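Multiple structures follow.
Each of the next two complexes has chain A plus one more chain, namely chain B in the first and chain C in the second.
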Partner chain A sequence: MSTTRRTILIASGATLATPNIAPAQEAPGVTATEIRIGSTNSLSGPASAYSVISTCLTAMFRRLNDEGGVAGRRINFTVYDDAYSPPRTLEQTRRLVEQDRVAFLFNQLGTPTNNAVHRYVNQRRVPHLFLATGADKWANPREFPWTIGWQPSYRVEAQIYAKHILETRPNARIALLYQNDDFGRDYLNGVRDVLGPRFDSMVRTATNEATDPTVDSQIVQLQASGADVLVCGVIPRFAAQAIRRVHEIGWRPMMFMTNVSVSVGAVMEPAGKERGVGLITSDYRKDQSDPAWANDPGMNEWRGFMQRFVPGGDLTDNNFTYGYGVGTTMIQVLRQCGNDFSRENVMRQAANIAPMDVATLLPGIKVQTQPNNFNVIRQMQLQRWDGSGWVRFGNVIEGANV
Partner chain B sequence: MKPLLIAAGLALALLPIWALESFHLFQLTLAVIMALAVLGLNIVTGYNGQISLGHGAFFAVGAYATAIPMSLLDWSFWATLPVSAIVCGVVGWGVGFPALRLGGLYLALTTFALAVAVPQILKHKAVEAWTGGVQGLFLLKPEAPAWLALSPDQYMYLVALLVAGLCYLLTANLLRGRIGRAMMAVRDNPTAAEAMGMDLASLKTRTFAVSAIITGMAGSLSAAVVEFVAPDSFTFILSISLFVGMVVGGVGSILGSVFGGLFVLFVPNLAEAISRSAPGVIYGAILILFLFILPDGVAGLVRRFTTKKRIIPGRETS
Partner chain C sequence: MDGFAHQLIAGIATGGIYASVALALVMIYQATHHVNFAQGEMATLSTFIALTMIQAGLPYWVAFFATLVVSFIIGALVERILMRPVQNAPVLTHVGVFIGMLLIISNATGWVFGHTTKAFPTPFQSDGLLFGGLVSAHELGSTAVTLAVLILVYLFFAHTSLGLAMRAAAYNPRSARLVGIRVGWMLALGWGLAAAIGSVAGMMVAPAVFLDPNMMLGILLYAFAGALLGGIDNPAGAVGGGFAVGVLENLAGAYVVGTELKLTVALVIIIGVLVVRPSGLFGRVVFSRV
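Moving on, here comes the complex of A and B:
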């Protein structure tokens, strides 16, 4: 009996130790001196404004290599242009995986583009890490264990609003205005996640099409339902209209606006700065134009990096703070890998990030993953419009774990 | 001589199945598909003289006509091809009508409007349940029958080659005959053609229909190869690249369409390999170079080498 147990112990000990013996040479895209990482971005085409994310990440890996790399290996980061066209994304991704033989894929840009490679990478078991898209579908480890997003999805954002509503007005009557597409429906789903069976009794909804001229009639219809809370998942043009209309008809609900439609220039000024007082939205990044972060150590770290490695970069472009955040997460995963950069281990480490702070994210907002929860950033902080700017308030709120 | 050439061509077309690894084979499959799409455009613009900047729209219609039955109704790929042909034929025929009243640049802009509109129409809520809206549709590529012992990529290349080869053969047959001559007569001198008793209206609309069917077939193949369709796959850029492919390959040339397809797929990659920071500039430079050196397209060059110089009596040979 005791011999058997000892045998089992030795055997299991050996099994546990194997990953660290010398598997690195076997792993695709990894040699004794190099780790190859691939990505696609819209370097040309309609979404090319996002290509600065790749510029930022390339610079971060250069800094990492200057500092000696990871486990003695340099990072070789290849970005191909897909012009935001899904068939091209598949072509370029296959080139990265089959011809360039990268170890894994990192931060590919776009929802339709990542859709086109979603099944391919999961069939081939290639880690498809920290995608640059806000869709909710990337956090599905049971069906797609090789794909993981990064930023909070619209659905998580809506969950956070719903949680705040329940906390401050447990008996609220909620009006929900959302755009009738995938973007808008994420807000519907997020609110439903939190309210559960109470959804039907608490919420009245109205939808708009991206092609509608106005949302005036929807606002009037929602006011007539007697709601005292209004949640809006609409694009900037309709956001400005909604803020203005709500004010004009004398409705004073607790009003939430999706954080894609809160730009001062595109929404708050057209709506009328004084009309939006009290409007609530959310964020997870530090806004580099906010004087509160002028001497922040995290933002100074980012500014120093920009000065040295991206000297021509536009410091007001928040794609750089995004890139710095997602790059930091990637480097953490590489460090966690130890000496084993096999695809299995990279994915295992990407799914086991202990809560960590990132320089360009708001204090208290953590980057974290668990094998059953791929919502990497699941917290946000609310902010309120005071007539001239956004003021953060309250604690960091975490989306529902669904 | 001719059967030998055909055999050599066939061998050359089939060789990549074993010679290339899967990624390159996949790329070549896409190039074959683009060549087919360029051929469709060439029929209406090259042979019939009606400029179309909207063939990406027919490509999209073909792709969705295959993707919707495969994804929602579990049809086999082969069964969707006739459906796709009919749908594209009807749409192409319909587009042919405004073409009767609009000539030249106006027609070019009308078809361009079609190319701009189609991706947005695909997202419209009335058809969203079918098209999958912005998220698009997923499908599975047809699997190779067991007795063929080919990998999915090898099989898909064979399928694309088969469909494209058949379309090329039929098109060549059509253009060589009476109808082809009528098409070209309409292109070269519509008044004379009408005076000879040709029905311009029916000829032009039918040419549009045939052209749409061929480009639609390419769309169907592309849906199966990529296993995903979304409105963003068919922006107006696609229409423009098909047009570029046609001009570079050779306007009014069947063989030229093959080169056009290769250009459409490989030159952007080449441009990116030369300069990562400004691939658009390199692409433009290559394009201009092509137009300078080969004003009649690649097919023109081939023609220059293969046809003997005819000496017309009383004229100096240049």
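Moving on, here comes the complex of A and C:
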């Protein structure tokens, strides 16, 4: 018994006497030779089309390691499958943080899935960086200082549409159709951000539920309000219905469609390509099928990367240009960290990115952050459907500063 | 006024969608005294089968009738393979099987045919709208098809001995067996017919709402409401109920409570009706001797 007590005393004395020689090594997930980064993605399940983003990021870290890593350390990137199911996201995130002891989390996929870990990572003070979702709530540094998104949020997108409307039709009467959930309400908030006190006099709204069979009634109702501009924040099936119905009833508003619902195959073709002529949406990425980028240095850099590191990858899949952009941002943050990869410093650097160009983003669109503004990409360019493809027009527009 | 006419017509058009699915629910209820929660998913699967045939180059109507036959067989097989073993189990077991089927068919459909929204052709083509921009040819045509199916179902149950035998098998299996009706086959037949009617509903709905594996998820709820409103044992009542739900929902959404509460209003009205008339507006009140 006394031996035990003496041993403990000696041991604790020894601990107190040990000088603090290697602060960098005390950072979780960081050793002298390695930085561990964790992620979750839908490698199976309904959203598994997005799993190629993880393929792309893994390849980018492999390229970085081949080039010598960051500050002499190799990146060890672990991705677990959550099948797009929020409870599994929480389980796998806890596994990454508590068992694998990763330094931080990067580019986890999905809005409901990231919702499930939002509070947890902020309580544990683990950087939750550059999420693969367009919800607006990730840009809230005051309440959730450890979480940051990447792509322009739906709210920023709506702000950009509203700015364009005010510029081209200052006396517009605007009809807004949005889905009655977080996704749809971001469009309501974005338009309100820009119009401010004029919102009530300029805008008529209608909502739909994801379970509604059609939005025909809403379209008829909005047309009856006398609007000459229509903004839609709805998922692809309702987008196709809205485009068709607006055409059928002979309404010709200036029509904006959320950029999650402008896929040629899933929306424009089912709706009828000729019915959507004039429809406006927005993008921040270079479309690899656009001949304008055939000899673009940025896109050639991306093509070279794909050829060498993702030889089997589908070059028409724009998840790869997305992955390349978000991966470039992450590597920039790691380089900015110098030799200090503590969670505090990683987060500080992620919140202090000076405006930078990224190979796969449209010219003029910058990746940037400030400690009080976590909207990493806040600019977009408008594009119009010409009956067979999307044609960019006008200058890059920046969202409202709210 | 113009807006009101538009809303009314839009309501009738969506009501037609609910009515056609409600009819399939009534069919299965008449034949088995159960409500099949997987009816919508079975119809979606049938619609994908039809689309595959059309894409393979078959003319629309050939694919249409081939799908009816295939769906009939699938429905009958489901009864033989899945429902037969639990025939005498408590009703909760049946509900469990229905929900299991709903999940399995929905996920399998997505896995085989993909989750992307697809266009489905309609045999009733028109450029723009008819009657002063009120209604599309497809809406007229699909309403006509729903009414035609309704008449066929009515004639089948009221005027054929097979229909009578099916009703007897569902209502009182033991007595039916004693008078020489093969109750097992009647149940399989009922499942097959319900699946075939469901496939018609699917093929009429898909051009309007676009086809994806979750197409029927919301529709089934409204169809169920319509069937209950009209009376689940009365085909004509269920069709009327489906149209009524569509119109009520649209008019309330446009003029009374706003689009956010339109589903709520429809359901409140239905609960109100059921409290006053538990068998539905047109349902028969059934007395059982104990």
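Everything below uses one rule, namely that the second predicted complex is superposed on the first by the 379 of 402 C-alpha atoms of A that agree within 3 Å, B and C clash if a C-alpha of one lies under 4 Å from a C-alpha of the other, contacts with A are read in each partner's own complex, and residues count from 1 in each chain.
The definition used in the following text is that a contact is a pair of C-beta atoms (placed from the backbone, for glycine too) under 8 Å apart; a residue touches a chain by one contact, two chains touch by 3 or more.
Since the model is a prediction, treat every value here as computed from it, not as a measurement.
Chemist: With the two complexes overlaid on their shared chain, look at chain A and say whether chain B and chain C clash or fit.
Modeler: Verdict on chain A: clash between chain B and chain C.
Chemist: Determine, under the contact definition given at the top, whether A:119 touches first (chain B), second (chain C), both, or neither.
Modeler: first
Chemist: Touching A:94, do we find chain B (first), chain C (second), both, or neither?
Modeler: Touch partner of A:94: chain B, not chain C.
Chemist: Just to be sure I read the superposition right, which of the two partners does A:180 touch: chain B = first, chain C = second, or both, or neither?
Modeler: Both partners.
Chemist: State whether A:331 touches chain B only (first), chain C only (second), both chains, or neither.
Modeler: The answer is neither, since A:331 touches no partner chain.
Chemist: With the two complexes superposed on chain A, say which partner A:46 touches: chain B (first), chain C (second), both, or neither.
Modeler: both
Chemist: On the A-aligned overlay, A:220 touches which partner chain: chain B = first, chain C = second, or both, or neither?
Modeler: So A:220 only meets chain C here.
Chemist: For A:80, decide between first (touching chain B), second (touching chain C), both and neither.
Modeler: first
Chemist: If you stack the two complexes on chain A, which partner ends up touching A:315: first (chain B), second (chain C), both, or neither?
Modeler: Touch partners of A:315: none, neither chain B nor chain C.
Chemist: Looking at the overlay, does A:206 come into contact with chain B only (first), chain C only (second), both, or neither?
Modeler: It touches chain C, and chain B stays clear.
Chemist: Which one of 37-45, 109-117 or 163-171 is the stretch of chain B that crashes into chain C?
Modeler: Clashing stretch of chain B against chain C: 109-117.
Chemist: Take the contacts of chain A with chain B and those with chain C, and give the residues found in both.
Modeler: On chain A, the residues that contact chain B in one structure and chain C in the other are 46, 180, 209.
Chemist: Sort out for me which residues of chain C touch chain A in the complex.
Modeler: Listed in rising order, the residues are 2-3, 6-7, 10-11, 13-14, 17-18, 110, 115-119, 128-129, 133, 136, 205, 208-210, 212, 217-219, 221-222, 250, 253-254, 258-260, 263.
Chemist: Mind pulling up the chain B residues that touch chain A in the complex?
Modeler: Of all residues in chain B, those touching chain A are 21-24, 26-27, 30, 123, 125, 133-136, 138, 222, 226-228, 230-233, 235, 237-238, 268, 272, 276, 279-280.
Chemist: Within their complex, state which residues of chain A touch chain C.
Modeler: For this pair, the touching residues of chain A are 46, 180, 206-214, 216-218, 220-221, 224, 236-237, 240-241, 248-250, 265-267, 269-272.
Chemist: What does chain A use to touch chain B in their complex?
Modeler: 43-46, 79-81, 83-87, 90-91, 94-95, 97-99, 111-113, 115-116, 119-120, 180-182, 209
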